[in-house]
Amino acid sequence: MEWLNSSWMHREGLARGSEGRTHHLTEEAQGKYHYVYGPFPDPVLQVAPGDLVVVETKDAFEGKIERETDSPSEILNVPFLNPQCGPIAVEGAEKGDIIAIRIHSIKPRGPQPVGTTALIAEFGGLVGTAHTAVLNEALPEKVKKMNVTEDGVEFNSKITIPYEPFIGTLGVSPEIEAVTSLQPDYWGGNMDVPDVAPGAIVYFPVHRKDGYVYLGDCHAAQGDGELCGVAVEMASTTTIQIDVIKNRHIAWPRLENEDFIMTLGSARPMEDAARIAYRELINWLVEDYGWDKLEAYFFLTQAGRVRLGNMVDPKYTIGASIAKSYLA
Amino acid sequence: MEWLNSSWMHREGLARGSEGRTHHLTEEAQGKYHYVYGPFPDPVLQVAPGDLVVVETKDAFEGKIERETDSPSEILNVPFLNPQCGPIAVEGAEKGDIIAIRIHSIKPRGPQPVGTTALIAEFGGLVGTAHTAVLNEALPEKVKKMNVTEDGVEFNSKITIPYEPFIGTLGVSPEIEAVTSLQPDYWGGNMDVPDVAPGAIVYFPVHRKDGYVYLGDCHAAQGDGELCGVAVEMASTTTIQIDVIKNRHIAWPRLENEDFIMTLGSARPMEDAARIAYRELINWLVEDYGWDKLEAYFFLTQAGRVRLGNMVDPKYTIGASIAKSYLA
Amino acid sequence: MEWLNSSWMHREGLARGSEGRTHHLTEEAQGKYHYVYGPFPDPVLQVAPGDLVVVETKDAFEGKIERETDSPSEILNVPFLNPQCGPIAVEGAEKGDIIAIRIHSIKPRGPQPVGTTALIAEFGGLVGTAHTAVLNEALPEKVKKMNVTEDGVEFNSKITIPYEPFIGTLGVSPEIEAVTSLQPDYWGGNMDVPDVAPGAIVYFPVHRKDGYVYLGDCHAAQGDGELCGVAVEMASTTTIQIDVIKNRHIAWPRLENEDFIMTLGSARPMEDAARIAYRELINWLVEDYGWDKLEAYFFLTQAGRVRLGNMVDPKYTIGASIAKSYLA
Amino acid sequence: MEWLNSSWMHREGLARGSEGRTHHLTEEAQGKYHYVYGPFPDPVLQVAPGDLVVVETKDAFEGKIERETDSPSEILNVPFLNPQCGPIAVEGAEKGDIIAIRIHSIKPRGPQPVGTTALIAEFGGLVGTAHTAVLNEALPEKVKKMNVTEDGVEFNSKITIPYEPFIGTLGVSPEIEAVTSLQPDYWGGNMDVPDVAPGAIVYFPVHRKDGYVYLGDCHAAQGDGELCGVAVEMASTTTIQIDVIKNRHIAWPRLENEDFIMTLGSARPMEDAARIAYRELINWLVEDYGWDKLEAYFFLTQAGRVRLGNMVDPKYTIGASIAKSYLA
């Protein structure tokens, strides 16, 4: 993959693109999964810049929803949702640096049907919720199990959705907070942006020594917005490579792949997520590509692209991007 | 174009896909342009189902911003903005029907530089506005003129943006209101969705006899969100074909092209635009494609796509879509 | 009422506080009621600055919901809702002026039970709506009729709510738009702010010759936010006095009474309504009371008050106020 | 104070209104202040139901802004803002209970000028912020120091604002999260609601053993919305009494005083805060006062009151209330 040589990670990461050791973070090695992004637990693993980690993630329900007849409200135990692997300590990462994570691969893991989606009371994009509080009756609970392979997601007997896996929840620890893994924010977390996929490198601002990487919540496929709140959730074997860019401040996560650069903003209402993402993208164009700020504003007006990650989590996430073809 | 035969317009429109007469709505024929979508003016043209209309639209500034040294605040005269052609009376259209508009072509019109974008005080996605009222100083006014041909938009000496024209403002009259052409709503209007482009058919709910079609505000290119509030505005020669689907209620505009079907919602905050669009898309799947409502909710969660039209107009516009490949 | 002598209306209005003729705008004189705020109808009445008008308003349902067993969805005919009296042409008012309206009295009118509230499907503050679109089932329709006199609103056999009447919908015509009387905006309209009550003077920016005053939708009582969307609606006999302040631009409605000055902003999301109202109040302090802008910002931070008008209409309305005791 | 005998705290609290021991949580006893609401630190104090605590709170800037010439951006060290006393362990409190806190008194503490407000870049209700991200220049930094006594706040040489102190930040620990003390949420926190004042009892849902009460951020006065983001901040000596109501679930904080009962919701956008507060108030009327749900919805529509706490924090806070006179 030619483009990697010119990626930010390879140009400025401490490992300069070389691969280090490969670590295996199995379910056993992980032991207890985590439900918050925070600085308090001891790391389950320590890696050096350039190292790869093969991670066994659980699905967002910790594998507890096994049948279509299961009742999410009886099985799920708030706030113990969206279990995360980690924290992974990254040598040399300090507050004010960036941790770069290249996603190598995501494979479904476990017995079929591996994929799960569900309707959960007072959760989702087209229902009243705990925040958009209404008096209407909640929708009925409902579970759908789907066979998932790298060939596709068997949505039903007629429709197979392409297997387009990504990491729903990925990020680093805040400095002093420990926040539910259901929430996306400036440290990453539950962004649910389908571009956080194999082939992409994601950049996070580091807030504490060793950064503390968390990940989980892999999806076999997801539409824009994750409409009902639950994608095709699956346990996975996910391989990432981690590096560190020293002394470089970014306010929100960034992403690049072969085709575009993207900034990720999370907020409510949704327009604030878009504002954050686009302002960060202007900042990127100004800082690294030599653009004048207002000229960049004009340019993104004509050529920027927007990806809606989620419209269901405690903050909504939007990615704003610009094609690399313009930036040569 | 094979797909047209299976389009809603060709299947259910009164003209069944056949082309009628071609009308020319020149600047002279239009005379006075309009700044509201409403039922009060006399039609400038009457067409039969299946007829084509070749329309000379003005740009959103009515061609008054001619030089990069021009001052928008001195030239523009609120509320006389975003001049619209029409109303075009459509024979046989009545409240409770649908008007279908197929976009045949959009060509730039007039002397170069045909394209205009601008920073306008207290307007745009990354500034305080009349509604998101702040005490910060406004950004400076700024105008950029661009040569635009069907080969591309010369954004600057290094960057040419592909010519991807669309109609920024298109719709029908409300029943008793007359609303600024700056606003998108359930009747269409200033949606600024780049998919309203040649190759697409757009469907609008009819609210009064003869429907009263308005259009204007063509863009040579635009990024998602129309970030600064002003796309590559241009005068155009735009060719549309109009048809009527009788006795069919839709609440918000819909669109189809060769690849997908899309519903269009406009509201603030932005999540409400997404909610409207996605609920309408579920309704469409239920009504015309035989889906169960909750199964459709699950399905769009995994395979729906979202396009952000504008994040700058009085209401924000979002299109929710699903690939036709799933609907065979 | 001593304070009137120092009111803006008395100090700068053309009539300087003197009362002119009294006009009677009865149901018969009104004839057809209106459902939009706009410039298109002929005035039903012409008044001079200082004149009083005794107006017979209908309730927001035009008196059609007569029994608790009535079905709003069968009776109401969208968009013919919230019938308005007017337009009243005000001599001497021109674009760029202010129309001042002092509310003298509001009395219930018609046979008991005069008061009506109702649950209407997909409308209200605690339900999914046409804009906050959800898949949940709508609440059941429901009507409550209440006896209303100037002694109180008999909510039920145990509870009587004080009679605190106000004008729910009051304002002037936009310049070229004609917008549903359900919507509040910079021209006033359906603000549903309980301070628009006897004893208050409300100021509106004039957008066209003669201003064109509309009013209707009187409420016998209302909580903050008009939670279910329908206050204690009643037909009324309402007496207002109208004056003109020449050559003075305001962007949004303003209000004063004996105790405070208030600015009124309408927008979605709700924080934008608050931003508008507070920024306008700072502008007022700067323009008329000699405050420094940032000092006024500090001051309202410590002493400003907020009134939520409605959280149910197409735009939400908030009033921001400051006690006159601070402004001596 | 007669009403206390009928308060929820006195009726159902374990101490049944009797006063226990008085504890002193001085600066020395507190030692290190906290910047998150969470379960991780050891308690600084353990109290029994009915006990009083006299707490020395620091101001939101930890007393570091001493002069009007100080620069907040140089002095403040994000995220170490809004220092909190606590956690106070409450014997007998367990998940699923309620902690009731009666506020006895709040007195200014320390050398004059005790009061501080400030403009902080990209923070406040009428400026672009980190979330409502804009390209406009930030306002200048600015500090105002004010003498504060129990006789009033000397805002400037002409204006004294009444001393109406309250606790800006008060609440309990989440179960597994540790969240910045800048944020209000279902556990309380930085709600900035002026009704959290002497004479009020506030009720919080307990999420972990011993509850873990935190408090700080007392204000000598504040307008609705805390417009610029910084009230009249002061160090204080605050006396509270703590009790426990067993086995009673509430989702969000509640408050009562002599005159009304209030529910407190925090969310963005602001309408969601209002929705939460009003739905909780309906729940309260249904659970404790025997109302039918829809009748309560009607009733609050006509008689509910709304208080805007803050429009500047990570979530906005709104209190919805109903007069006790209706509930006899």
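Should a chain be cited, it is by its letter among A, B, C and D, assigned in written order, with residues numbered from 1 in that chain.
Going forward, a residue touches a chain if its C-beta (ideal position, glycine included) is under 8 Å from a C-beta of that chain, and two chains touch if they have at least 3 such contacts.
Quick caveat, the model's predicted, so the values are computed rather than measured.
Novice: When contacts are scored as defined above, which chain pair ends up with more C-beta pairs, C-D or B-C?
Specialist: Higher C-beta contact count between the two pairs: C-D.
Novice: From the centre of chain B, which other chain's Cα mean sits the farthest off?
Specialist: D
Novice: For chain B versus chain D, what separation do you get between their C-alpha means, in angstrom?
Specialist: The separation of the two C-alpha centroids amounts to 48 Å.
Novice: Please tell me the distance, in whole Å, between the geometric centres of chain B and chain C computed from their C-alpha atoms.
Specialist: 34
Novice: For chain D, what residues touch not just one other chain but two or more?
Specialist: 126, 132-135, 139, 268-269, 275, 278-279, 282, 294, 297
Novice: Would you mind writing out the residues of chain A in touch with chain C in their complex?
Specialist: Residues 126-128, 132-139, 269.
Novice: If we count contacts the way the header does, which residues on chain D are in touch with chain A in the complex?
Specialist: Residues in contact with chain A: 35-36, 38, 40, 79-80, 130-135, 174-180, 251, 265, 267-269, 272, 275-276, 278-280, 282, 293-294, 297.
Novice: What does chain D use to touch chain C in their complex?
Specialist: Residue positions touching the partner: 117, 119, 124-126, 139-140, 142, 144, 153, 155-156, 159, 161, 221-232, 268-271, 274-275, 278-279, 282, 294-295, 297-306, 308, 311, 316, 320, 326.
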